[in-house]
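Chain IDs A, B, C, D, E, F, G and H follow the sequence of writing; residue 1 opens each chain.
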Amino acid sequence: MNLDSLHKLLESVAAGKTSVADAGKALSQISHEDIRYAHIDHHRSLRKGFPEVVFGMGKSSEQIIGILQKIASQEDVVLVTRIDPQKAEKVMSCFQHAVFDEDAKMMILKNKEVPKQGKGTILVISAGTSDIPVAREAYLTADAMGNEVKSIFDVGVAGIHRLFSHSALIEKAAVLIVVAGMEGALPSVVAGMVGRPVIAVPTSVGYGVSLGGLTALFGMLNSCSSNVAVVNIDNGFGAGYMASAINRL
Amino acid sequence: MNLDSLHKLLESVAAGKTSVADAGKALSQISHEDIRYAHIDHHRSLRKGFPEVVFGMGKSSEQIIGILQKIASQEDVVLVTRIDPQKAEKVMSCFQHAVFDEDAKMMILKNKEVPKQGKGTILVISAGTSDIPVAREAYLTADAMGNEVKSIFDVGVAGIHRLFSHSALIEKAAVLIVVAGMEGALPSVVAGMVGRPVIAVPTSVGYGVSLGGLTALFGMLNSCSSNVAVVNIDNGFGAGYMASAINRL
Amino acid sequence: MNLDSLHKLLESVAAGKTSVADAGKALSQISHEDIRYAHIDHHRSLRKGFPEVVFGMGKSSEQIIGILQKIASQEDVVLVTRIDPQKAEKVMSCFQHAVFDEDAKMMILKNKEVPKQGKGTILVISAGTSDIPVAREAYLTADAMGNEVKSIFDVGVAGIHRLFSHSALIEKAAVLIVVAGMEGALPSVVAGMVGRPVIAVPTSVGYGVSLGGLTALFGMLNSCSSNVAVVNIDNGFGAGYMASAINRL
Amino acid sequence: MNLDSLHKLLESVAAGKTSVADAGKALSQISHEDIRYAHIDHHRSLRKGFPEVVFGMGKSSEQIIGILQKIASQEDVVLVTRIDPQKAEKVMSCFQHAVFDEDAKMMILKNKEVPKQGKGTILVISAGTSDIPVAREAYLTADAMGNEVKSIFDVGVAGIHRLFSHSALIEKAAVLIVVAGMEGALPSVVAGMVGRPVIAVPTSVGYGVSLGGLTALFGMLNSCSSNVAVVNIDNGFGAGYMASAINRL
Amino acid sequence: MNLDSLHKLLESVAAGKTSVADAGKALSQISHEDIRYAHIDHHRSLRKGFPEVVFGMGKSSEQIIGILQKIASQEDVVLVTRIDPQKAEKVMSCFQHAVFDEDAKMMILKNKEVPKQGKGTILVISAGTSDIPVAREAYLTADAMGNEVKSIFDVGVAGIHRLFSHSALIEKAAVLIVVAGMEGALPSVVAGMVGRPVIAVPTSVGYGVSLGGLTALFGMLNSCSSNVAVVNIDNGFGAGYMASAINRL
Amino acid sequence: MNLDSLHKLLESVAAGKTSVADAGKALSQISHEDIRYAHIDHHRSLRKGFPEVVFGMGKSSEQIIGILQKIASQEDVVLVTRIDPQKAEKVMSCFQHAVFDEDAKMMILKNKEVPKQGKGTILVISAGTSDIPVAREAYLTADAMGNEVKSIFDVGVAGIHRLFSHSALIEKAAVLIVVAGMEGALPSVVAGMVGRPVIAVPTSVGYGVSLGGLTALFGMLNSCSSNVAVVNIDNGFGAGYMASAINRL
Amino acid sequence: MNLDSLHKLLESVAAGKTSVADAGKALSQISHEDIRYAHIDHHRSLRKGFPEVVFGMGKSSEQIIGILQKIASQEDVVLVTRIDPQKAEKVMSCFQHAVFDEDAKMMILKNKEVPKQGKGTILVISAGTSDIPVAREAYLTADAMGNEVKSIFDVGVAGIHRLFSHSALIEKAAVLIVVAGMEGALPSVVAGMVGRPVIAVPTSVGYGVSLGGLTALFGMLNSCSSNVAVVNIDNGFGAGYMASAINRL
Amino acid sequence: MNLDSLHKLLESVAAGKTSVADAGKALSQISHEDIRYAHIDHHRSLRKGFPEVVFGMGKSSEQIIGILQKIASQEDVVLVTRIDPQKAEKVMSCFQHAVFDEDAKMMILKNKEVPKQGKGTILVISAGTSDIPVAREAYLTADAMGNEVKSIFDVGVAGIHRLFSHSALIEKAAVLIVVAGMEGALPSVVAGMVGRPVIAVPTSVGYGVSLGGLTALFGMLNSCSSNVAVVNIDNGFGAGYMASAINRL
């Protein structure tokens, strides 16, 4: 239940259109709902402006379906992250208007178009072609949360003129998400070009001492540019969510 | 040279008050200035809205003085971070209106009061008393960059009712900086209470498997709340800078 | 052979119902029995109050069957941990009243109902839905060892009101087992609410810098609450066993 | 304020000996008290059965004194851990009946003798002479919390007969704390001898791949005995506290 | 070519039974032989008393066959380690009297019975049933190198009386190989019982912070007993080889 | 577009054989070309003397084909690294004169024979047979970039006379690439024999504390010989490229 | 009490020269002696052929003196390792014929000359001049335990001809101790030259990714020569002790 | 003894100016010289084109003096690295024309001016002011080995225009040494601008997850530019030496 639907319900009660008994029943689960293997946090929408997101990893498709049924009945949009194609197929047989993005391994279930709430543009930049799945997860999240989102892919520092050719777009963005694996140098360079907040996302792309993304992560945390903050390795979702929180201010 | 002083100079040229020769001389160093042991980035103020900050660690007091003389001649406010009291004393003998904060090991040199540019309030929360030096570095940075800043100290999760008693302040903040060592759990809890962006700062407070702050850092990057992004261990400065970049949007 | 059956045997000898020769034969293996690939520790029941538990990982189903035949002939209950479904199926064809739990990957073989020996209630709490398999291993172990066990699942710190709604149950428990992956913050919060001993179990749930559970483990070891001790990553069995040892005091 | 003093106050009000105004004043700080650099958790005694303990590391002696003044005014006993001799000396000039233990680097401030609340004996065992400071911190904590405590020092596994000569004492203990550095093997051996709960404490004693205690810690977490749970490296205090929580059941 | 066959060849030349030309041809490859993908070290037998051993991991079955053909033509016994069953099957179709041990993943090719050269008995002890494959690799290596070898399996420290019941065998051994995973405590205990050299072998058995055997390895290197030296994780072969080198003194 | 073809184009314009319009069109993509999932860096050939190399890992065969079509239209030779046989097969159905090396997992597409540009010989040495795939990647890269390349395989330090028997070849090489796994000692020994630059390549060959090549890497970085520099684990390509850059001086 | 003095005592009783009462008193402490901060293991000499060695690190000089008084009264030779000069000076004021070696930080207290018990020569080789302190600890330990010991210092692999010039000495040794920091390559090369057992000792000499000796340690554990076993970083004592145990066979 | 002096000696013998006896004496130490704590490698100059360099760390000033006396008697130039000011002062009292550089902690002893042997210019670039000591060690080494060396300091990626303003110098260099701490991104960017070999030097400048330089090291090894090879953390000397070896080709 988000702020909008809460207000509508209360207005309907005030107007005598909804009985107190019915409203009470609707509101009784507002805090959270216990379905044995999960406590659905229905209050999250009110508290945080976006409903609970389902972390698909380690959940069975049955559990995901059960959780979705509870959330989707009350919310306009629900996201499932890190859901593999096999599970997604099963889940989508129950939620037929859901959309699954194979690159980002993300499922989006919209009951209603989400209005644009973000004030500026969020720009997603990736260092390499292999970083695109993570970049796409960030893109889809920010988009689903009601933001204008743009992207530039494969502009890593080995040929830095490729980055500079997009400087107009870069300077115009309100929030930047920069996705990079290997040495993870791109966020420092981008953040050095602008004064806007940059969310850096390390990826596990690479081999040897890329250490599954730790090297990119540590490099980004050590950025000599200061308008940078970092999320977990391959956490495109978190970057999109954080950028959206910033863009709503 | 910041945007304001650049405009004034150009207007003065337009008005015939400054000769082209003098203006040219003033602008000749606008990109950067090479003083052998440093390339001062005078363009940073224009590009990023805040002048270059001097990282004191590993620099001699002579080098810091030399760099400050170049920056301070063109900017309203200059920060020196991670400067120990001995070096600070030597530097302050040359810059007598500079202020040194012993907790935060930060020096602030203001030629002019910085106008409030941030739109909302930045709230700095620390988990423990021992985390205060890092929290203070964040506080002073955000303050010097023109923001309204507030703080709550020592409200860690072992007695979580202490945190909840400040919920009004927490819900009102535009950006939150949460500083914690040991298990680093506080940012998750705080971010779970609000929809605003939270900058998490791990500290090196602790012993044994606190691993010099790595445990707090990794915990924060794994936060089950999504409106969180993280900066380097003990990097109060970076948190204050990033929060300020966000608060200017 | 547990304390109970030892007493019965000795009484039977005293009453002349069992010959000294037969009793001698029965007692000859009381210390341990060498079956080439294993030394069965039959003395464990006497020494520790619970028979040897079979660690299934790295053993063939033939070895497990051989070991079970030796233990089950002398004990009321035997547990096999970390046994995958394929091995379990083979083993169960020899022990048809054995029960296999697919979530916990645990097999339980009861010859006799285990009497409740624990004095209070053991409460198992999990932070997320994905942590349930580990929580369930703890639950089944404590249950098999003769305790009253209760559970609450999916009450992580991102929506901490879900936890507080169960405070009555939490305050009543004699021993608490708190299972969490990712940042592993839940045990600190729970231990801050009560004075009872809390056994914290880190899980390998997460990705990136969850580091296979190391981050949760280190976080729990750094807990700012002091009534917490920790077991190995994903070691639900050890947590259940330790809680049971505590609950028997 | 502990449960005892709370009851006394309420009885005094009931008996008309204390005015409601005075009682209200006394109770107003019952939740917590904000002294700028710390939020004193006065409620902890009621909630957890023992007042807040002051973690001395990273606090100035002035901060410790300020915090102690607030806690000591309401509690029977207060502990300060990880306080070095220099700070301890300054603090003790304000609290003259405080006692400082140089080995354990712990300060104990008793306003009233703590009654024995623990039911059995807590036994502290150390593997080596060099582990004694940590063992002593555990000993003093459990003692201050109202338990019968005994100790055996320097009985490591290189001469395991030394351990077995104390088997009577070991078998009689209700809770065991086993402290060891280097390879950290002692807790496994001790836990194999008894069915009681064992709290294992790794120490940073050793060199090379003792890795500051990580090797002992990891060894203990991998114990092939199951009645073992572990606390942070060198955390004698936590072990004493946890053992006390167990012993009160 | 080993010392024995070298002497025979030279004696044959001395006796006029072999022509200088033929002997020269036979000796021409004595140093090493280049077969493009390998340099066979035929001199190793003379230099070290045992021919080159083939490390099977990362080699194709074709490469192994090619190398074996060169070594086997000149030596009495050849070992191939870490060879999986599929490769072993292919290799054995070319060397039909070779023997493959599935537990140890080792292939042994004997042209002639190896005489017992070791002076005492080598005793292989394993902590658990799951450590047997590594223990077996040590056993087979020491056996193939001409030693009397004995073994005791599954006598870990959780039931230490099982170990003590074998003390006669333990005290009689000339060299001991102790194999253990998890906390790796067994070598310390065994080495504390005897004055003989102990070769400790950590195994990757375990989960969580067993860290693939690193914990056992580090524990063994930190042994508080001093007659212990350590080989790589799961390196049963190296332990058998080293024990054999010691036993030949 | 490389320097050669650029000059030819400009000469053709100067000679009136190519119209300015056509030349302009050809040059318009000289900087880089955006094909949505990649920014092809056509300028690289001019800037660095060798065209962009395609990193195959994490790219789909469709993406590789798309990128190759853009590069191959302008360059004489293109490399694809870390491409598995399945993807390679699909790609080669579009580029039928491409060659795939199964050992090195590298694809080479030559439109024209590359002239020898390197001045001396590059010598590739491997410590073991299992290191050959990485050594071969180095060999093929240096060869494709126009160098005279030689190789010696399986001359590790356990039988160091094998290495010394090749000393003439070693002393004659202009640049040496030394590939080794396990303890990674070979580059130190080789670099101690010559004054020429040695590029050391650690491989992931080994087990236990070879740590996936980290041990070899760290050993090489600690080389007590100083004419050594190191590339990433298993990065034969980088070694060949760097050796080629050196050999062109 | 060693085997020799035990026999003498018993013979004296048999001969009627010592009363049973006196002998009983002398033997009563034969197992171990509890002096509060230590359990002296007097049985070690009988069990292991060499008395307990005092690990000086983390013990006060008072504790060391107390322990020495107990051991020295019964044994011919006592060693104290890792004792710094300040403590050594205090201890030597009580034991005036003790000898302190400043390089090795070792104290040796001999009541009687130790007879040569080792059968062959132990050879200690160091890779660099900076490794000498560790090499010397090995040398002194092996010497004190009754072995013929020789040494060669500073023959690292960067100039490997230096090592080969000592090949006669190397081939003659019964046991070899090879001490090296940095990349730790020397033990592999030496072990490749001989068939005798090699004890490898990594040192903490180096910087950067020498990682305090971990790189040398891991390199040695990965040695491609198989007659190598390894002790802890900087553990010259352990190497000398192990070599001595081997040399006594 | 270098190639030049060897030739002169032999010519003098040929000309009858030096007796065979005297020449023999002079040449007898040509391989190496054993001075008990060191084996001076006099052959290195002939083999590698530059005499042995003294690694000062862990050596006493007496040892350094002894080694220098042996080397300096035969060579034109000798370097001592990682020598602290106290030791340097003592050493310089014996070698009065030696020069000590306090930044680089390096001592240079020249008997004769070293001729320029390098063919192109070596350019040393540092990312920050705090990296200068390491950059200077590289500079001095390359200079002492007979190269033309230039430098640019403090041109890190946070203000990348500072780097580009030096592009002429960068493009002209034959070999580049790029020194950076923190995220270590600079070598990738520089190597992307040129086709020449780049030696990357990570420094330990930074805090938190700079991990003493590991992050910069790993970042550089993961460089997406391929003409990069890396040396140990803070190893300016090695970079200078390697660059010199390359520049002599």
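Worth pointing out:
Basically, a contact is a pair of C-beta atoms (placed from the backbone, for glycine too) under 8 Å apart; a residue touches a chain by one contact, two chains touch by 3 or more.
Just so you know, these numbers come straight off a predicted model, no measurement behind them.
Each step here moves to a touching chain, and the least such steps from chain D to chain H number 2. The minimum number of touch steps separating chain B from chain F is 2.
Note on E-F: across the candidates B-D, C-D or B-C, the interface recurring with over half of the contact pairs conserved by residue number is B-D. Between A-F and B-C, more contacting C-beta pairs join the chains of B-C. Our note on geometry: chain F versus chain G, Cα centroid distance of 50 Å, whole angstroms. Computed from the mean C-alpha positions, the centre of chain B lies at a distance of 55 Å from the centre of chain G. Between chain G and chain H, the centres computed from C-alpha atoms are 39 Å apart. In chain H, 128, 158-159, 192-193, 208-210, 214, 217, 221-222, 232-233, 235 are the positions where the chain touches two or more neighbouring chains simultaneously. Shown are all chain pairs that touch, namely A-B, A-C, A-F, A-H, B-C, B-D, B-H, C-D, C-E, D-E, D-G, E-F, E-G, F-G, F-H, G-H. Against chain E, in their complex, chain F makes its touches with residues 128-130, 132, 153-155, 158-159, 161-162, 165, 205, 207-210.
Interface of chain B with chain C (complex): residues 127-128, 156-160, 182-185, 188-189, 191-193, 206, 208-211, 214-225. Interface of chain H with chain G (complex): residues 31-32, 36-39, 41, 43-44, 52, 55, 57-59, 63, 67, 82, 202, 204, 212-214, 217, 232-235.
Here chain G touches chain E in the complex through residues 47-50, 53, 119-120, 174-175, 192-197, 199, 217, 221-222, 226-232, 235, 237-239, 241-242, 245-249, going by the rule given at the top.
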